[in-house]
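Labels for the chains are A, B, C and D, by order of writing; each one numbers its residues from 1.
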Amino acid sequence: MTKKVLLKYSAEKAKKPILALIIKETGTLMNILHAKFDAEGGEILLAIDAPDAEAKRAIELFEQNGIETKELKRAIQLDEEKCFDCGACLSLCPTGALRLTDDYSIELDEDKCIYCEICVPSCPVRALEISKF
Amino acid sequence: MTKKVLLKYSAEKAKKPILALIIKETGTLMNILHAKFDAEGGEILLAIDAPDAEAKRAIELFEQNGIETKELKRAIQLDEEKCFDCGACLSLCPTGALRLTDDYSIELDEDKCIYCEICVPSCPVRALEISKF
Amino acid sequence: MNKSVAAINDRIKRGDAVVVTAEEMVEIVRERGEVEAAKEVDVVATGTFGAMCSSGAWLNFGHADPPIKMQRLWLNDVEAYSGVAAVDAYIGATQLSETRGFEYGGGHVIEDLVRGQEIEVKAIAYGTDCYPRKELETTVTKDDLNQAVLCNPRNAYQRYVAATNSRDETIYTYMGTLLPNYGNVTYSGSGALSPLHNDPNYETIGVGTRIFLGGAQGYIFWEGTQHAPTKAMGTIMTIGDLKEMDARYIRGATIEGYGTSLYVGLGIPIPIINERVAKTTGISDEEIRTNLTDYGVPRRERPILREVTYAELKSGRVEVGGKEIPVSPLSSLKQAREIAGTLKKWIEDKKFFLTQTVEGLSTDQVFQPMRQITAAPVAKDLMTREVVTAKPSDSITSAAKIFSKQNFDHLPIVDEKGKLVGIVTSWDIAVAVGTGKRRLSEILTSKVIVASENEPIDAIARKLETHGISGVPVVSTGGELRGILTSEDISKLIGRRRR
Amino acid sequence: MNKSVAAINDRIKRGDAVVVTAEEMVEIVRERGEVEAAKEVDVVATGTFGAMCSSGAWLNFGHADPPIKMQRLWLNDVEAYSGVAAVDAYIGATQLSETRGFEYGGGHVIEDLVRGQEIEVKAIAYGTDCYPRKELETTVTKDDLNQAVLCNPRNAYQRYVAATNSRDETIYTYMGTLLPNYGNVTYSGSGALSPLHNDPNYETIGVGTRIFLGGAQGYIFWEGTQHAPTKAMGTIMTIGDLKEMDARYIRGATIEGYGTSLYVGLGIPIPIINERVAKTTGISDEEIRTNLTDYGVPRRERPILREVTYAELKSGRVEVGGKEIPVSPLSSLKQAREIAGTLKKWIEDKKFFLTQTVEGLSTDQVFQPMRQITAAPVAKDLMTREVVTAKPSDSITSAAKIFSKQNFDHLPIVDEKGKLVGIVTSWDIAVAVGTGKRRLSEILTSKVIVASENEPIDAIARKLETHGISGVPVVSTGGELRGILTSEDISKLIGRRRR
């Protein structure tokens, strides 16, 4: 199963190519879902598509390199029956996981979701739901 | 000043011509404003237009003849500014003192009023007022 | 022959239109027939001035600083409803003052607004980031309001029932004070002048009809609540600018023992577009019938005593059971006539033009009772059936023994056929012993307040309250004692309901 | 060239009418000009789907047996208003449930009614001779109601301001959740599709205009509250039969931290009666401007940051202070487009005909603030001006002495110019003594929640509540300490108000 891991970089760590180094070292497939990053540090959301043990090893390596990691054990759902595409959630989403399509529909790209849950109560018809597992 | 006196006759007293006798005896001017009367007894509303002492004497004579008397020390007013001629009072008035004219206006004939006050609270705009003196 | 509203408006513009009141039209149709009347007359002006409880006004106060989203608000201590946007509120005619009770209500607030008087506003709120304010007090007149619009969900009942009272006590109803034993009759509506009765088929009246409303020009914008055209009980929703109205035609009212209301002056111009409409505007008081109804029975379906015509009602006397009973109109016939006259003059003076409606009103809507999920309990559902009784011939001493063993304070006295003939209380017994009386027949109270087996508990509860008593014997229609119902039995029920 | 509504209706009847949506019309006018567009197009269909707080419904329940005159009533625990006749009531969109708070309100009751769901009805009454019943509980669906009519005092704002937030905390407003430090922008209205913006001169829109309302055919029956056509902020009152509506276009909503509302789908058909109207229906998002407003300032007059166009807003990003800020529409643009499309289809399918209005709407009405008789108190009116302060360089010990003599728990720390640099509490002192700190500079909290001298008390009260604090230093615009305001000072004021 794909693990979603949020990496938090401090300003100091942001200068080093830690991600590249770890990918090189482990050979694990890691997909960058979302990154928000500058000289002050930032966040990278990774999807690690590997057997459990291998994924665990990669996460340990990040920690050893001084990167804070957080495994996201959640799922978010947009109930399309309830959603009437008002977009109240759009501007609250920090990663662009919620976005407006060309025909003004709301679309949820769960890959980008960091489960901050700011959008959930903002939905006037409770069409956004977080489940934890 | 004219005194208004309400005479209450029992069935027994109703049979005797007491009013006629007293008028004859005293010579006092007494005007019958309103009467409701049958074999069971009833009421007569009198206006006695005589000096105080003379009127008092006449009232005493009624009492001596077993007629209950009640001097009406009141005045009723219909505030024509407030009244909008709905007629809620009309059917409550036991003596016809409140009546509808041909043009559907409410008219108050105070001479006929026995100050029962049933009409007062029935007026939706409080246009009927009783004052006591 | 057919005339269009546009053609009639052209005639009004030219000063050629023939406008008559509905009363005048009765004579014209009677004398010349509807065919001639339709040719001659262009507009018939109607009018009514009666208590219309389903009236109220939308008010907009403008924003306060800091802003408030009014959660609850009071106008001269009468609660208005603000369950809409921040500073919009609806004040209804029957809402009572929290300090002055029946003497002042929403209807009076509306009249005071029309009169230009200052109204005290108090509001509370829960407070939000955009509307932080939680309390507000100010005073306003209609001039301070952005909108002050009379907006009535039910006006101008085509006709209404006439009311009387079979009970042996005076009752206070929305049909006015009703004297005991059919002592009087009340009715409402202006008969031949009634706006909706002049076009009962809704050929000319509909959504968008311009009308006389409270002295201003207003509009019909929907069928009214309880609209029942097939029963000649049509109603309309109306709207008009309160700021333009005249307090002569908008009057707050107190209906004794019932509550407050609003007298609304309303007139509809009927364009005589064809002979059918000419005929319906020719309707006379003799032709408008209604049911004389017994308000002494506190049920949804009240017994009908007879049919009466508005002609009889307007005569001031109605026969009930061989007696001539005095009548109260409740609506002001004088003002109804004045309104029709004013509307006629407005049209003649080219100040008022007719509208072509944008949609008709329903002609087949019916008025249904409320859906109830539980039957209302009646006396026999709650009464105690096993009642110890005594006979009139029983001795005081034997009755005294009963009281010593029982836990209630009223001993019903029944005759040999089981018919209730009176009641004796422990206090009566005590007095009897003191004064040397021997038999119950000497001391029983024969005037007993009773309930019938099928009388609803709510009505009995009101009876107990009104008379300040703690229980009543329950009797059959034949007068036989069937049980006893006490306020305690009723409290138990209400306790169950509240759970 | 001029066309009459009647002629357009004839074309609709014949199947010849050219109907386009307001978005399509933008292109037509842009490409061919209004003269050609007026010849070609008969009707422009508009649409909007947004939260419209000033919405609600009139309901008639029919009479209960025994009858009740509802004095207060609740629908699914949301209070409705029955200050009118016995069984009429108005339920408003923003009225909150008494058991579920912000999660359920009048808007949800209305949606549930439209969906045909059962609604719990509870009512109480004071009881009268004609309406003896004092309590009622039942359940109803819309089918059980005699009338269920959406009747909205304010719908379809022509346009509305856009909102952002200067504060350093998230705020919850009727414009949605606003992130700190201009973190996002929200707006409402459908821009080029906006019904009233397509006929801003009210040449075709007025009393009696038939519209798409909640999926049914409804009507405009008056100007809406806060109607301000000269500011391009016109509004309308609307009515339509709830029983015929579709829950797709009538949705109860919770606005986080603000309350409940109702999303209403509304579309107005604009008959292209002349070239002026063709031109106004050609308006594009680029031409519709509105003010980006700072909702961080909790006052009636909120600062305006800049003007933005609906084109910018719809692009999803707006520039504020050199930064691109994400935007939320709040109204559903997708549903607005769908509504315009449905209305277009209804007309093409001869299911919907236009109306000739019976009266215009005001074109010069203005929206005034509330009349207030007392100025709202601000910080400087209530604050304590004599405040004992300390300097950052003062010793812990000297500060401890101040606490021993004073009756408050916060010691403001000011620099030599009187500027507030931090605050120290008695708890800080205790900890400092325990950990061997010496100077106040080592322990002071520099992030202090403050109030400004002219900040309204209501806003400060909310601040104290939100942050769970008992008082704030009051500072000048330059940051100098001017006083202290505690919740106690505020309670005293509120106590005075309540007397």
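What we mean here is this: a contact is a pair of C-beta atoms (placed from the backbone, for glycine too) under 8 Å apart; a residue touches a chain by one contact, two chains touch by 3 or more.
Since the model is a prediction, treat every value here as computed from it, not as a measurement.
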Enter the minimum step count from chain B to chain D; a value of 1 means the two chains touch.
-> 2
When you check each chain against chain B and chain C, which touch both of them?
-> none
Go ahead and note the Å separation of the Cα centroids belonging to chain A and chain C.
-> 65
Per the centroid of Cα atoms for each chain, what is the distance between chain A and chain B, given in Å?
-> 94
Taking each chain's centre as the mean position of its Cα atoms, how many Å separate chain C from chain D?
-> 37
In angstrom, rounded to a whole number, how far apart do the mean CA points of chain A and chain D lie?
-> 33
Pull out every residue in chain B that's touching 2 or more other chains.
-> none
Residue numbers of chain C (touch at least two other chains) | none
Taking touching chains as linked, do they make an open path (line), a single closed cycle (ring), a hub with spokes (star), an all-linked set (complete), or other?
-> line
Check the chains against each other and report every pair that touches.
-> A-D, B-C, C-D
Counting only contacts in the complex, chain D reaches chain A at residues 49-51, 176-177, 179, 184-186, 248, 251-256, 261, 263, 316, 325-335, 337
Can you name the residues of chain D that touch chain C in the complex?
-> 53-56, 58, 60-67, 69, 78-88, 90-95, 106, 127-135, 137-140, 144, 146-147, 149, 151, 153-154, 171-175, 207-210, 219, 221-223, 225-227, 237, 239, 257-259, 295, 298-301, 355-359, 365, 367-374, 376, 456, 458-459, 461-462, 465, 494, 497
Residues of chain A touching chain D in their complex?
-> 84-93, 100, 103-105, 118, 121-122, 124-126
